[in-house]
Every structure is written in C-alpha cells, then in structure tokens.
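Across the two complexes that follow, subunit A remains constant while its partner is subunit B and subsequently subunit C.
For the complex of A and B:
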C-alpha cells in the first residue's frame, strides 16, 4: 500500500472513530444489558446535539493506558429537564458515569447517570432505555 | 427509511449543535444561504418521504432485507405485518412526522438556529414513539433490564 493511500485510510478511520452513530435503534440492539459499567474519568468533550448527546471521556486503565469512551446520552431537551446545562461541562472536569457498554464497540457506552465532582447527580438515560432503577421516580 | 428518511433527518439534526471541547463551547449552525438551503432540502425530503411511508402496501425495505438486530428489532416483513394490522396508527405517526417537519422548515426559512434545534427535538420524539410501536415493540420504554437482556 503506498503512503498516500495509507494516509487517506488513516484519516478516514479517524473520522469514523469520532463520528457518533446517528441512526435510531432499539437500546438492546446497540448496548449490552449484561455489561453495566461505571466510568470514572475526565470529560474532554460534550456534543449537545439531537437526537442524542455524546459525552467523550478518558479513563485510566489498570495498566496506566488511557481509554477513550463515547457515551450516548438522552436528547439535550431531556438533559435540560433533569437540570444539566452546557455550562456544567468545564475544562478538565472529572465525572462518574454509570451505564452500559456497547455491543460492538468496546469504547461505546450508553449513560444512565452522570455524577459531577461537586456531587450533583443527573439522569442522562435515553428514551427507550431499560427500567433499571436509574430513571427518576 | 435507511435511504431517504434517515440520512436526511441526520442533516437536519446535525445542522445545529453545540460541541463543548475541553470546556470551550463551539456553536455549529449553517453559515450561509447555501448551507441553509441544503438543510431545507433535507427537511423537505423527510416531509415528502412521509407520503411514501403512507402508501398502502409499500415495502418497508428492499427485497431480501432482514432485521438489523434479530430478536430485538423486527424484520421488514414483521414491520409490514404490524402496519397492515394498524394502518391508521401507522399513518398517524407518518403524518405526525410530516407535521413535525413544518416548524423545522419555518425555522430554516427564518435562519433561526434555536428554533431549528427545538424542532429537531420534537422530530426525534415522533421517530422514537413510532419505532417503539412498529420496529422494536418489545423494547419500549419501561421494559425491565432483565427482559431486554433476554
């Protein structure tokens, strides 16, 4: 493979890696309900977008390597309804996200709750998600 | 749905958003007449696509297409059977989709990015509501985690 083609594929791959999935699917089609997770890390980016928001988080693995996560959230209108604001996403913020791992992408997750460093907790689950007790009563 | 509605509604949804990168908010919106026109084209395509959805007996997917997630999302023939069982319910969702595009088109004509963002949220509600009835009825809101995991 010549260098030019390799670079084109590399750039295309990088673009795919940061492009959130947009199509609607059933929750269980994309996320594994047998793989609940808790992510504790640094939020680097938030996409306040329809039809879902996306939180990008870096977590440190036991071997010291950083793992990049893309975490799907509810639509921004739902996030606002639960008190979360764009202004909450400040530089260098740490947070804890509970949710479920993606079925086909080890760096993909669906968030259910977001807890900020100051202790505030927000429900960020998508419509159609599981009834697992995370949702507000 | 995959060829007409989905790619075009993504254009409408992606037209306006905020990306907060390391605490720095970057607002995304159409920057000129050409970009607004492209979003309008997609919004109109979805609105007119709703008419195709309402055509009696029209296949919901190309021949031979199966479920994208067997056991979770229905196959096209199963979706078709549900539609045939409740054509009025299906048409109601299709009309709701069409109607939900009107505020988006009005927002685009006014180049009102906030209104377009709000319209996008309403469109998503219609999409999800219909999907829970006709595409993944067993996976609707309120299903227990255990039941969904089966």
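For the complex of A and C:
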C-alpha cells in the first residue's frame, strides 16, 4: 500500500514539475513569440476592463489600406500600477504599441509597451507574457 | 425568436456591471473568491464521492460522512454560484456563446441533478445504505458519475479564456 501511494505521489510530482515549462497564462496559446510587431496608428477605442483590457487601433498598411487591430493589455489594476489612467485614452489619439501578433487571428496582438503622443511610455503587458525586457525593473 | 443579445448588452451597460468590469480590486476579488470556493467545494465533493465509490473512509457509515460533509459543501457551493453569476453579469457577451462556458453549464446541470437525486434518496433511507447491496451499487454509480461530471466542469471552466472557436 505504501509503495502504491509513493508511486502515485512520484508521478504526480513529476507532472507538477513539467507544468512550469508551459505558459502560466494563455500567452503561448494565442500569441506568437516569433512575430513581434510595432504598431503606429490611431486608437479608435480602449476597453479599460477585467480580466484584460483591449486597445482597438487602426494602422495604415504599406499599400494604403487601413488595418484594424485588437490589442490585449494587462488588467486595470496592473495598468494603474504602471501609471496609466483610463483618462489617458482618448478615442482618435495616435499611439505606438509594441507587442506580439496572434497565432491564428492576424488582427489580434498582445501589447507590451505603449508610447503616447506626449512621449510618455508605459508597460501594458499582462502577467505570464515573455521576458523580453519590456517589463519594468 | 427574439435575440438575447440586446438583453446582454443592456446588462453589460449597467452602471454596476461597468464599475465592476473596470474596477482594480473588485473584479479580481470576486474572481479569486469564485475559484477558491470551487476548489474547497470540489475537494469536499471528491471526498464524498470516494466514500461512495468505496475508496475512502470505508470503515465509517456513509450516512455519517454525508451528514458531516453536506453543510460544508453547501457553504462553498452557494458563494461559488453567487460569484459565478456576478462574473457572468459583468461580461455576458463574452460568455453566452463561448462553447466551454456552455459546456460548463451542461455539466453543472447534470452534476446538480445527479447530486439532487442521490441526496433525496439517501436522506430518507440513510439507515440502510451501508447494508443493502442494491443501494451500495447505486452509491457507486452516483459517486462515479459525480467525480466525472465535476471534473469535466472544472476542465471546461479552465478552457473558457481560450477563444479557439470564435
């Protein structure tokens, strides 16, 4: 009986050890680390919401066509901690967002940094994203 | 058939749902409570089910185990339902057509019916549960079904954030 319990615990422990190698959150499931991007465009709308915020942005493509982006940000508590306020977002303002493109949805991105028109820069990445140096400290 | 979407848009636009959706601490607090209550509830249900299946506490009368665990199960089930309904109200359009959320509701209904049927039967006949063979067989099935359904519910809950089928 004791050996049985020991074996069960051993297998369970081994499985637990494997777990941290996968992403803590859905980043790896939805976003592509090999597709970093910098989006320079017009913020049409910002959803300051839990569990993630969303920045809706229009960028001009080289061919002149407008592309609509849906950019995931961290939750309101995290955005506030990095100094951002809901009032910093005004529909129609220009901004630069750095992040990673979605794996399956080409109009989806995970935002890492946001630079406003006045030059202020904010970290907007959610917990569980890549360690790409964009995060503060 | 009229669409349910306008109702959900109205719900999402209410002052209190908007405030919660945008709140720095309120939403995480409710979300954490929801998960914490489910964790404790599931633990209590698993112990009850293991007794029913015949794997745990087999030397203690089934009725006694159930009477001891039941109030604690309810004390965690009710707040987990309340917080769950709140989380839905805060963002109804995000959930109403999410395949994993709908699966969660189906498993919740099935697990609830299984528990209700079993509970109504056991409480009346608690004295004979540990002796009558046909009752023991029913208990094993009820416990096994409960283990399966609550596990499926938790797995589908965990998959809700993935928008794989949008």
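As a working rule, the second predicted complex is superposed on the first by the 111 of 137 C-alpha atoms of A that agree within 3 Å, B and C clash if a C-alpha of one lies under 4 Å from a C-alpha of the other, contacts with A are read in each partner's own complex, and residues count from 1 in each chain.
Following the convention adopted for this analysis, a residue touches a chain if its C-beta (ideal position, glycine included) is under 8 Å from a C-beta of that chain, and two chains touch if they have at least 3 such contacts.
What you see is a predicted model, and the numbers here were worked out from it, not measured in a lab.
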Partner touching more residues of subunit A, whether subunit B or subunit C: B
Which superposed partner A:89 touches (first subunit B, second subunit C, both, neither): first
Subunit B versus subunit C as contact partner of A:45, first or second or both or neither: first
Touching partner for A:77 - first (subunit B), second (subunit C), both, neither: both
Partner chain in contact with A:65 - subunit B first, subunit C second, else both or neither: neither
First (subunit B), second (subunit C), both or neither touched by A:34: first
Interface residues of subunit A shared between complexes with subunit B and subunit C: 26, 29, 48-51, 75-77, 86
Subunit C-facing residues of subunit A, complex: 26, 29-30, 48-51, 75-77, 80, 86
Contact footprint of subunit A on subunit B as seen in their complex: 2, 6, 10, 13-14, 17-25, 68-69, 72-73, 117-118, 120-121, 123-125, 127-128, 131-132, 135-136, 139-146, 148-149
Of subunit C, residues touching subunit A in the complex: 20-25, 27-28, 31, 90-91, 161-163
For the subunit A and subunit B complex, residues of the former touching the latter: 22-29, 32-34, 44-51, 75-77, 86, 89-93, 127-132
